[in-house]
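These notes open a run of structures that come right after.
Each of the next two complexes has subunit A plus one more chain, namely subunit B in the first and subunit C in the second.
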Partner chain A sequence: MQNKQEYLALTEKRAARSPVLRDCFFAFVIGGLICLAGQGLRSLYLALGIEERPAMTLVTVTLIFLAALFTGLGLFDDLARIAGAGTLVPVTGFSNAVVSPALDTKSEGMILGVGSKIFTVAGPVLLFGTLAGALYGVLYYLYGVIFV
Partner chain B sequence: MKRIHRFQRPPRILSAAAAGGKEERRGPHGEEFDFCSPNDLFGVQTWEMAEGEMARASLSFALKKAGIRAEEISLLFAGDLQNQCVASSEGLCSVGAPFVGVFGACSTMAEGLALASLAISGSSQVSLAAVLTSSHNCAAERQFRTPLEYGSQRTPTAQWTATAAGSVLLTGEENPKKTGWGPGGRCPQISEVVFGKMVNGGITDAANMGAAMAPSAADTLLTYFRESGRTPADFELILTGDLGKEGSALLSLLMAREGFYLQEKHVDCGMLLYDPEKQDVHCGASGCGCIASLLSCHFLPRMARGELHNILAVGTGALMNPSLIQQGGSITGIAHLVHLEVR
Partner chain C sequence: MMDIFLSCLFAFLVGGAFCVIAQLLLDLTRLSPAIILVLYVTTGVLLGALGLYTPLRELAGCGASVPLIGFGGNIAEGIREAVDKDGLLGVLSGGLTAASSGTAAALCFGYLTAIFFRARPKRL
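== the complex of A and B ==
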């Protein structure tokens, strides 16, 4: 091989790109259907006489549960292979990111397996999500002190 | 420095067998596997242990075909992709043979065959050597990439780690009495081997292993052709391990630049194991069980039947470590060559 730079450029030029338009289309349709299902659940809970706020929480919980169930049944990854961001972006993606490592590490025990590795994928979201929340809280407080 | 090891009394391959999983059974060579587990678990509880069981099953079948007992193995060369090569140690401990653990990522089968050949030609103590390697999709994916059920989209250059194992038995005897090839079957011999140099092409994308391995495969093949004075035309087949579609194209390109045209002589095991139309495996199969199983269940039996006489088998490995990749490191490739003949 003559030259690393040249080889890298060659492989990058050659490597097939992900079919972005197709991926976007399926992400839009399947992600949209998940949101539609959420909307349907909201209407259902409201029709059952549940109040607006708890109904919204119930919708989220139901979607999380369904994503976890489908992950356990081994169907979620098959759908995600087509849907991509369509299943990743809604709350379903987060549920899958927590359940899939838990399933994988179950054989290593509840403490050292599931307990310590359940957040290997979702960990960064939890950490930086919490940090961002705290930071926002501080900014919100300062805004209150200075301008109100 | 000469790099080709040529054997005065070439070691003979007297038996081989392969075991695989359910995707491998669905593949074009599925019927040729000696055993496939319908749920990839091989009767045990975890993927890690399943790989060990699969490795042991392939060895059992290779021994059974030749009517040889496990106690007759003087050296057992084995390796896999799991940390500390635990599939080999877990699965083969009960075999009770002197064990040489080998790691060359997906080049391990060729590395093992080359080492076993050297051992047989160098020591009269080694009358029967067994070489086997395995890889398990579920054990490898969760170690190297993401959890199994994690929903994500793979890039087009990604490959699918094969759930497969292959075992080969070698002897120094010229006309072994007991073989696994059946009546009239001829033992393929290992005439020459070349140990590859590590080549780093600067690839940092763990989803483009073919590109990481192609330069090392080209390096080993060029070394062999230049030193032996032979060309691809002198062989019926030039078999590579798991370059996949992308890596194979890059190998042809790198070889053509040096004036060696592989063309239809080149066959990659990674592109044979699955049906690209029906099985969603992107660029093909990978893993050290890939070339191990197809050699054992397809190419060596074809040689024994007299359908193939003279082939080069190049095991290709990506010496990839997930931590090093995250630290900004790149993937080093390695390729070892074995010249197989039937005379």
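== the complex of A and C ==
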């Protein structure tokens, strides 16, 4: 590395290798296909006589399981490199964000290491989901008390 | 038959659209993937609170429930039902109850994966 300009030119070139349009295309197709697969699983579970609501929950659980398995096999990252947000946004991305740090911290111990790192992303997601939900709950409760 | 085709089409289109929005945020802003997940869950709660999530799920099925928006939408629906049933206590119990199966699945499968698999060196 000669100087700052060269470094900047190099990072610019590397960064430019991710054309937005192509990224969006793969995100759309792969993300859409994951949701379509979910829809297929839902039809399967409904056909097995499971009610609508547990069927939807089972779809989520199945996708979480598959994403965890693919993460363990090392295949998830390969797909995510192409799909970008296409694998991040479906519940598969949440699963990967839980599994991946857990897997990486085995060496720090199976109880405290994995036990804390497993919440690296799940923690913020649960915290802010719960906070937003509680805020809505309070407003909904007050609305019910005052207006109904 | 037409119904199945349409529900699949909407699942694909709506699910894909949510991913494109996130991809644009990834490419055009400095938001990290983890922040986007947080953003999507809270957006889902907001959509649920505004009463928009349920009709969206009826239209798009898994196109609405599989993206992390659905996680948030479930939390809002769970809170509403719990407040209707238990009053103020439902504010605390409804959200995590609705999120419980997804969270427990991710944690349990995550830990099992950590037991049975080895981390691979990251390829760049």
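Here, the second predicted complex is superposed on the first by the 131 of 148 C-alpha atoms of A that agree within 3 Å, B and C clash if a C-alpha of one lies under 4 Å from a C-alpha of the other, contacts with A are read in each partner's own complex, and residues count from 1 in each chain.
Rule of thumb we're sticking to: a residue touches a chain if its C-beta (ideal position, glycine included) is under 8 Å from a C-beta of that chain, and two chains touch if they have at least 3 such contacts.
In this text, all values refer to a predicted model and were calculated from it rather than measured experimentally.
Between subunit C and subunit B, which one touches more residues of subunit A when both complexes sit on the common chain A?
After superposing on chain A, more of subunit A is contacted by C.
Which partner does A:7 contact after superposing on A: first (subunit B), second (subunit C), both, neither?
The first partner, subunit B, only.
Let me test your reading of the model: by the given contact rule, A:50 touches which partner, first (subunit B), second (subunit C), both or neither?
Touch status of A:50: no partner.
Of the two partner chains, subunit B (first) and subunit C (second), which one does A:60 touch, if any: first, second, both, or neither?
In the superposition, A:60 touches subunit C alone.
Pick one for A:88: touches subunit B only (first), subunit C only (second), both, or neither.
both
With both complexes overlaid on chain A, does A:97 touch subunit B (first), subunit C (second), both or neither?
In the superposed model, A:97 contacts both subunit B and subunit C.
Quick one: is A:34 in contact with subunit B, with subunit C, with both, or with neither? Answer first, second, both or neither.
The second partner, subunit C, only.
Pick one for A:74: touches subunit B only (first), subunit C only (second), both, or neither.
both
Determine where on subunit A the residues touched by subunit B overlap those touched by subunit C, and list them.
In subunit A, residues 18, 23, 71-72, 74, 77, 84, 88, 93, 97, 99, 103-104, 120-121 are touched by subunit B and also by subunit C.
Which of the residues in subunit A end up touching subunit C in this complex?
Checking each residue of subunit A against subunit C gives 18, 20, 23-24, 27-36, 38-43, 56-57, 59-61, 63-65, 68-69, 71-74, 77, 84-86, 88-91, 93-95, 97-99, 102-106, 110, 114, 118, 120-122, 124-126, 128-130, 132-134, 136-141, 144.
Please name which positions on subunit C make contact with subunit A in the complex.
4, 7-8, 11-28, 33-34, 36-38, 40-42, 44-46, 48-49, 60-63, 65-68, 70-72, 75-76, 78-80, 82-83, 87-88, 90-92, 94-96, 99, 101-103, 105-107, 109-120, 122-123
State the interface residues of subunit A toward subunit B in the complex, per the touch definition above.
Touch residues, subunit A against subunit B: 1, 4-5, 7-8, 10-11, 14-19, 23, 71-72, 74, 76-77, 79-81, 83-84, 87-88, 93, 96-97, 99-101, 103-104, 107, 120-121.
What residues of subunit B sit close enough to touch subunit A in their complex?
Answer in residue numbers: 45-48, 142, 146-157, 199-203, 205, 208, 211, 215, 218-219, 246, 249-250, 253-254, 280.
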